[in-house]
Amino acid sequence: TDQPQDKTTIRFALDWMPNTNHSGLYVALRQGWFADAGLDVQVVPYGQTAPDNLMDSGNAEFGISFQSSSVFAQAAGAKVVSVLAPLQHRATAIGVRADRADLVSPKSLDGKTYAGFGDAGEVEVLRQIIRNDGGTGDFRNVTLGTSAFAMVYSDQADFTVPYLTWEGIEAQLNGTPFKYFQFSDYGIPDEYAVVIDASRAWLADNPDAARKFVQVLQRGYQLAADDPAKAAQDLIDSNPDSFDDPALVTTSQNLLAAEYMKDADGKVGNQTLARWTDYSRLLYQHGLLADGEGQPLTREPDWSTYFTDAYLANP
Amino acid sequence: MSKEIRLANVYKSFGPDPVLDGIDLTVAPGEFVAVIGPSGCGKSTMFDLAAGLIRPDSGEISIGGEPAAAGTHCGYLPQRDLLFPWRTVLANTSLGLELQGVPKRVARDRAHSLFARFGLAGFESARPAQLSGGMRQRAALLRTVLPGREVLLLDEPFGALDALTRTDIHTWLQQMWVTYRWTVLLITHDVREAVFLADRVVVLSRRPARVTGVVEVALPRPRTVTTLTTPMFAAVERDLLGRIEWSRNDPDPISSTE
Amino acid sequence: MPTSRIRELIPAVAALALVFVSWQIYVVTSGVSPRVLPSPSRILEQGWAHRGDIAPHALATVEVTAVGFALSLSAAWILATTADFLPWMRRALVPLLVVSQTLPIIAVAPLMIIWFGIGLLPKVLLVALATFFPIAVGLIEGFAATGRDATALFRSMGASRWQQFRYLRVPAAMPRFCTALRIGVTYAVVAAVFAEYAGAEHGLGVYMLRQKQIFRTDLVLAAVLVTSVLTLLLYAATYLVERLIAPWAAADRARSAQR
Amino acid sequence: MPTSRIRELIPAVAALALVFVSWQIYVVTSGVSPRVLPSPSRILEQGWAHRGDIAPHALATVEVTAVGFALSLSAAWILATTADFLPWMRRALVPLLVVSQTLPIIAVAPLMIIWFGIGLLPKVLLVALATFFPIAVGLIEGFAATGRDATALFRSMGASRWQQFRYLRVPAAMPRFCTALRIGVTYAVVAAVFAEYAGAEHGLGVYMLRQKQIFRTDLVLAAVLVTSVLTLLLYAATYLVERLIAPWAAADRARSAQR
Amino acid sequence: MSKEIRLANVYKSFGPDPVLDGIDLTVAPGEFVAVIGPSGCGKSTMFDLAAGLIRPDSGEISIGGEPAAAGTHCGYLPQRDLLFPWRTVLANTSLGLELQGVPKRVARDRAHSLFARFGLAGFESARPAQLSGGMRQRAALLRTVLPGREVLLLDEPFGALDALTRTDIHTWLQQMWVTYRWTVLLITHDVREAVFLADRVVVLSRRPARVTGVVEVALPRPRTVTTLTTPMFAAVERDLLGRIEWSRNDPDPISSTE
């Protein structure tokens, strides 16, 4: 019919305070593209609850996740699936203070203190890295949530895992730079740093709205990759009291656009089975994945079911 | 309209020691009975039982034919005055009326009309902490008597009053009683007070309390200052003093009236 | 007597000033990074500069606080009253109440969001959960602390259970209620901030989280300062409330303080 | 009388059982995912299965709680005593105390860890911060609530200020202190869990955080249950303490409850 | 060793109304003075002043030559008994001694040795709430007298006692006083009690209180039961009653002794 339909409401859950990992979302919001598509998108701010959990419990339709979180959630039976990958590569690394002459490679982290996030698998993967570098992999694991980075600055902890494209730049701008040990230099396969997860139930019920939403979001991230200055501005404008120093946002967005967002074809958002498999398999092989009853998985999952490109615009 | 108070073969103990050891006492409707007994013998306990606030170990207690129970509505003046700090003196005295459902304004007016008589004039809006000991006692008495319950239990209401203030209130109380014929049970340590006010005086023994004597006071009403000088008054007083048998236990007795 | 009032405040102001001055001196002499520990002067200055940002957040927090505390107060009164009239209810509910307080709110908050969604509801519930217990316990213990003699007297005067409650147990509980109110109100704003931490669009909690994210410890602490001031205003208000609902207790306290 | 004691507990046990049974029935009939709301039976079963993991974390939490609460108690007594002897100290310190409670602990906890490291210290301080206020206020108000007449009597008997404190003000404050202790102890374990959330190696807080990240809501709630049980044990202990330090108040309460 | 109590031209008011209107009173060291005055006239207020618990508006008060101050160590028995719920009856009675630094064991033994005399035997470990009104009063009196202060201020210590218990304690108190010669100031509403115990009786007017009469009681010591029947006792009593001038204001006076 020609009757103007009620707008579909979509709740989008954030993983963290607004940052450049979210730029595509804010571009699309700012440009009014969601509204044009008949979508009413509400941002669910970062809180104590992981976005995958919000989607699984029906409190959000879409949200930011990471490849590892998504794998853990889906293995445990959460009804979510990855529909878009804004960043094609891992954007995190082991970070230590740049002035720590004693820390020269992962091996030297043995016996040191890790400021972590309580994430599943983080310790196992770090231990593997240190072992791959010839160390024992024994370090002190302190769970800190949002304070991890400050703990490293203030010398209460020795290393953490910052986003190169956010905490890394922030540290540089503030004159206390990090130095990094890249996961991939120590035998850990690449992964998608950020993925967009969706509620499977909602996707099944709203295929058209889902497609519209994912494509508009993809368009937003594409613009962010193509015109980082504009995306940075949209992000800043959408969150007026969140960024003190615009340089952080612009530098970060430039770096993301240049090195992380686009695939070989210059496109944003696509996911491949190979990338999904490599890192996820590592998690499986370390026995980290467990089913809904808490039993370790005994059969490797079919990774192709963990993500879908079906909602993306045709490449 | 008044009610009978009846205690039949009442026993009560706190812990191992008996306090009331078989009390039998009937106060006829409209009768005024005084109770005299040594300190600590169990008088207040008897009142608590009559007011239904505690239960006897055995025996029966009834007010107006009904077993005494918590809800027994009587005017009870406990030995400690118990004025409430959150109410002004006037509001404390009108409390009994207010609880009967009398509108606040009316209740306070009625209480207030007696303030001069009770020597409380000028202290309407004072807090109880600002009263002297005797004033507290008078305020508590006023609160007790005002609602005009059919049954009044007064536990040493005049202990902290000087002789003249006391006499003044005696006279007023007698006048009220003659008019309304409440059933009154009064605890006192003052033999003359007992004889002046009561129709009958009951004497209790040392703890455990038993009734050791009952003296009828057949003096005509209303009794006045002249009643006190009659030979009959003196005779009743002497009779009563004779019955206070517990005096014999005293090592070095000094009778305060002989 | 306003002058004597003001004179009474001198020690408090002096103590606070001492804390702030030592802090300032420490920061200046130790050269600690403002990201770790900003100086009080910097907090004030930056907080003032960002007052336009902070104000709407503060307003949002005030709303959550007010609604949550109102809910908490009503619930505490209803529950304490019920418990007072029905002793078996007291025996059934008070342990539940205690149990409710033993739940680590920080672990429960994310679950509340899963159960109740993301709106005002879970936040208001969190404020109520945090402030309800001291108030309800204060009331229940206040009611129960009514002297036995006084209760006996009321019964002998033929007071109905309701009249006993209204004219005896409620006023007798007022001093304890006021103490409990003071404790409860102290937690109210803090709980609202906490609830915002668990996920909100506006509010001082959100503001702090955002500033912390960009390492603006000074602005985090500026928001902390605003929270404190809000709480102190509420705290001061409880004394006004006390003077209204329990003037005799306030007077007694004043006398005993003069001692 | 153990049987009457047990009979008094029936309503509480029944109420708790009712909550759990309704919850179980709801979960079974609604088919809600255990990641959102696990059934009580599942929580118990899984918690028991993981008891080997939970126990050392619980132990760590108990340690933080014990040290923190001991610190809090000592500090509250020292401060309240000082404030009682030196009225200007009361006027100086009580406002500081109130201010200390207005700090949103959730924003301050991470800062404390940055300032004091990841060891026991910041956690112990947090537990103390959370439990100190109700205890200190209870004590201070308890001391101050001593009747004027009683104080006058003591002075006329030539009691020194210290004797007044020891023989009058302390016993007079005991009932309020016990109430305050009950409130304070209720917050102690919760505060320890909270502090662990802000940063720790071991403890129930860390355990919950980690289980939450891997979507084990059942194990989060199992740890919540352990926290509750720990708190309830402490809460029950306050009644024993009360019987020791204020037997007359306990007796009065018992009488008034019989009413 | 005993001390003089001196009030010179003392004025005191609460709010606008004066309560004490220029009181002059000297109690010589070792003297026993009784104070009689209508309820609410200001007797307790006078005691609070003498004990240094409140300050006069003007005038001077000294104990043993030193200005009365909060620390003035006297045995003060306030009108409300003020037993402490957290102490047993025995511990309440020994409190005064303990505060003087007497070792607890000794203090309790000394208190205990008087329990029978005070009719408190068997109630050593009871709580104050378990005592009768008169027993509370006796326990409070024991606590006050035991430390043997040079100055005793007793505010209606015998109000709740029956005549015989009262007489017993009178006798004991007189005996103690003869031995230790404390300076005693006693408030009472009982004229016979005043004459029996005191060297001098001071009569106060209605509020605001002024001293309206002083009666010397030259009866020999020790006074006993026989003293009461002497013509001299009767003469003093009559003299005293004559001076109670405030009786004249009464609308309907019934003297309790004529």
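A few remarks follow.
Should a chain be cited, it is by its letter among A, B, C, D and E, assigned in written order, with residues numbered from 1 in that chain.
By our rule, a contact is a pair of C-beta atoms (placed from the backbone, for glycine too) under 8 Å apart; a residue touches a chain by one contact, two chains touch by 3 or more.
Being a predicted model, the structure only gives us computed values, none of them experimental.
When the partners of subunit A are compared with those of subunit E, the chains appearing in both lists are D. Counted as hops between touching chains, the shortest connection from subunit C to subunit E is 2.
In this assembly, the chain whose C-alpha centre lies farthest from subunit B is A.
When C-beta pairs in contact are tallied for every pair of chains, the largest tally goes to C-D. Averaged Cα coordinates give subunit A a centre that lies 85 Å from the centre of subunit B. Between subunit B and subunit C, the centres computed from C-alpha atoms are 49 Å apart.
Subunit D has its Cα centroid 17 Å from the Cα centroid of subunit C.
Each of the following residues of subunit D touches two or more other chains: 36, 110, 114-115, 197, 212, 252. Residues of subunit E in contact with at least two other chains: 80. For subunit A, the set of residues that touch two or more other chains comprises 53, 57, 146-147, 150, 154.
Of all possible chain pairs, those that touch are A-C, A-D, B-C, B-E, C-D, D-E. Partner subunit C is touched in their complex by these residues of subunit D: 8-12, 14-16, 19, 36-37, 87-89, 91-96, 98-99, 101-108, 110-111, 114-115, 133-134, 137-138, 141, 144-146, 148, 151, 175-176, 179, 182-183, 186-187, 189-190, 193-194, 197, 204-205, 208, 212, 217, 220-221, 223-224, 227-228, 230-232, 235, 252-253, 255-257, 259. Here subunit E touches subunit D in the complex through residues 48, 51-53, 70-76, 78, 80, 82, 84-87, 95-96, 98-100, 127, 147, 149, 153, going by the rule given at the top.
Interface residues of subunit C facing subunit A in the complex, by the touch rule stated above, are 33, 35-36, 50, 53, 57, 106, 109-110, 113-115, 117-118, 197-201, 206-207, 209-210, 212-216. Within the complex formed with subunit E, the residues of subunit D that make contact are 147, 149-150, 152-159, 163, 167-168, 171-172, 174, 246, 248-249, 251-252.
Contacts from subunit A toward subunit D in the complex involve residues 50, 52-53, 56-57, 69, 72-73, 76-79, 113, 117-120, 140-147, 150-151, 154, 156-157, 290, 292, 294.
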